[in-house]
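Scrolling down, you'll hit the structures one after another.
After this come two complexes, each holding chain A, first together with chain B and then together with chain C.
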Partner chain A sequence: MKILGKLTILLCGVLLLVFTMEFPDWGDPDSPASTHLSPYFIQHTMEDTAVPNIVTSVLADYRGYDTMFETTVILTAGLACFLLLRIERKKVPHRYYRHEPTGVTLRMEGDKFPRNSAVFQRMDANWVPYDFVISRTCRLIIPFIQIFALYVVAHGHHSPGGGFQGGVLMGASVILFAISHSLRAAIKSFSEKTAALLSVTGVFIYAGTGALCLIFGEVFLNYSALAPLFGNDRIMARSHGILMVEIGVAVAVTAVMIWIYYNLSSAGKQDEGL
Partner chain B sequence: MESIFSLVLAKANYAVYIILMMVGLYAMIAKNNLIKKIVGMTIFQTAIILFYVSIGYKRGATIPILEHHASPETVAHGAEKMAAHAMDAVDVAHYINPLPHVLMLTAIVVGVATLGVALALAIKVYNTYGTVEEDEINQQLRSG
Partner chain C sequence: MIWQLELIILLLVIICAIAAITVRDLLSSALLLGAYSFLLCLIWAVMGAVDVAFTEATVGAGVSTVFCVAAVFHTTRRTKD
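This part shows the complex of A and B:
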């Protein structure tokens, strides 16, 4: 099996290498990929959408349908993780707690357990001692990561950025909180219900922006129709429509990243985890 | 000799992506552990992303963000004037191809989300069979 695999790989690799000799050189300005559609995008972005960042305008305007369904794919992936893994929290007969002032470990029976407090700290199966440096450093860093994420979303028209990148940064900040403290602490501040609702809301904002254009009497996702709503001309309205759509993408990506992390790290129990 | 060397160097980006892709494909074919197969799939995906990004590159070109200066008067006069201002000269050879970047931007995030689904399936397999080794799963399926 191993030898057969290596042979297949060798054959595939050599064939691909031989035929890439026909491909255009690296950095060739006249390669087929750069000559048909992309000159149009580069030349017409400013007069069509008033967005200097060509990537953003292609992403949310010229290829708006593509991005809408990419967002839907992300939502579907989050739902798939939820449906595959999520199980109800079972009643546990006992739990272990650590009495903070004395450092004594207590085993508590029954179904009434104390909440986490300054005195009692719950111990998971893979419990490690509280690390002061890591948790305080993360608490210091997380607000700055979140502000940067908002900047990346809001400034996507004029600099590298946009909904996907900002959304992933925002999701990473909450995941960092869950890793540096505990999964339960993260779920307490950003619950699973919030994640599920926000991921659907993000896709709804995107599709809703498209539907709003329909209501204003033009085709789906033609943001020029929103000019009366924003109170400016038809070209600037496209720029604002792109911003609305990017916000929808950012909300959906943030929520789905967090949701997938919650389910994967605890294998669906959302009680103990990384 | 020199011509062959320059020929190989001009296509070096394809060689890099093919090597990475074959590493990923080998992991997907020959590895026994499901998690290692998933890692191989991710390496394969990264190779495709690198391939697309390298296609978009043009020699001597900059990132696909048009040079613009938002002075107070263009903001006051709205987009039409700004567009007319920007139309002066947009040199296509000056900006790299934005299209592969757009495609890969979404592919990376969708890739992470689908990786989550793959890992969820692996957890499910582990819960059912107690292992993620493929031959042990096959053995259990045959015997029971």
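This part shows the complex of A and C:
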């Protein structure tokens, strides 16, 4: 059976390699994509959308539908993680606390836990002493990551980047905070409710922009309809529409990344993390 | 770009990919997957797909590695049942 499996894999691999030879060469000017699609985008992007970065305009404007459902896929991933992991577990809750003056670690059961106590410090079951240097360094880095994330979102029209990358960076900054401090500290500043709400809001912003175009009497996701709203011509309106959509994507991706991390790192309990 | 360097990166990608599925430790497998993503990101950048490279670096090498490590942390060496 093992040999049969290996043979199948080898055969599939060889077939795949053989038929990859039939593909047009990399950067081949005679391939169908280079003769029909790419020249159109290269020649018309600037006059159609006033966006210098062709990739952004293709992603958010020419293929706006595609990106909208990509955002929905990410939301679905977050929801799937939530529905799979976040189940009520009926177990006697126990927590670990350290008594600061004596340095003794206590295992407490029941529901009478010391809250906001100066003497007892909450510890995680697989507790790694959070290093002072690491936590301070991360504290220093996080604002810069967040500024960079905002820059990536806002500057997606001119340079590589956009909603997805900026959103992931923004989410990563909160995840870094959760790793370097503790999951509870992160949840205190960015709660699960916020994450759930924002992830839906992001998709809503995207679809809402499309619906707004419908209200202004054009096709779904045709941003030129928004010209009266932004107060400029139809071409610049597309550029602004792309920015709106990118912000929606960034909000959704940020929230979903954080949400997935909360659920994965705490096995759905959102009580103790890594 | 220098083609020798490109070849080295491509070989490293293949080595990382094979190592990630053959290695027995799940944590090292997750980290190898991160290394694989990062090297692939370099290849995207070489081929001129800077946007894809950026996505690969943030999603592939960054967040998904963190997710994998977080998931591996909740596994045990032996089954509990």
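Going forward, the second predicted complex is superposed on the first by the 252 of 274 C-alpha atoms of A that agree within 3 Å, B and C clash if a C-alpha of one lies under 4 Å from a C-alpha of the other, contacts with A are read in each partner's own complex, and residues count from 1 in each chain.
The rule we apply is simple: contacts are C-beta pairs under 8 Å (C-beta built on N, C-alpha and C of every residue); 3 or more make two chains touch, one makes a residue touch a chain.
Quantities reported herein were computed from a predicted structural model and do not represent experimental measurements.
After alignment on the shared chain A, the placement of chain B and chain C results in a side-by-side fit free of clashes.
In the superposition on chain A, contact of A:169 is made with chain C only, not with chain B. Of the two partner chains placed by the overlay, only chain C lies in contact with A:265; chain B stays clear of it. After overlaying the two complexes on the shared chain, residue contacts for A:26 are found with chain B and with chain C alike. When chain A is checked against chain B and against chain C, the one touching more of its residues turns out to be B. When both complexes are overlaid on chain A, the residue A:206 reaches neither chain B nor chain C.
In the superposed model, A:2 lies in contact with chain B only, and not with chain C.
In the superposition on chain A, A:223 makes contact with neither chain B nor chain C.
Rounded in steps of 10, the angle chain B-chain A-chain C defined by Cα centres in the superposition reads 40°. Contacts of A:160 after superposition: both chain B and chain C are touched. Nearest C-alpha atoms belonging to chain B and chain C sit 5 Å apart in the superposition, given in whole angstrom. Shared contact residues of chain A, touching chain B in one structure and chain C in the other: 26, 53, 55, 160, 162, 164-165, 168, 257, 260, 264, 267. Put simply, chain A touches chain B in their complex at residues 1-2, 5-6, 8-9, 12-13, 16-17, 20-21, 23, 25-29, 31, 33-34, 37-39, 41-43, 45-47, 50, 52-55, 58-59, 63, 66-67, 70, 73-74, 77-78, 80-81, 84-85, 158-160, 162, 164-165, 167-168, 232-233, 235-236, 239, 253, 256-257, 260, 263-264, 267-268. Interface residues of chain B facing chain A in the complex, by the touch rule stated above, are 7, 10-15, 18-19, 21-22, 25-26, 29-30, 54-61, 63-68, 78-80, 82-84, 86-87, 90, 92-93, 95, 97-102, 105-106, 108-110, 112-114, 116-117, 119-121, 123-124, 127. By the touch criterion given at the top, residues 26, 53, 55-56, 126, 160-162, 164-165, 168-169, 171-172, 175, 179, 257, 260-261, 264-265, 267, 274 of chain A touch chain C in their complex. Interface residues of chain C facing chain A in the complex, by the touch rule stated above, are 47, 50-51, 53-55, 58-59, 62-63, 66-67, 69-71, 73-74.
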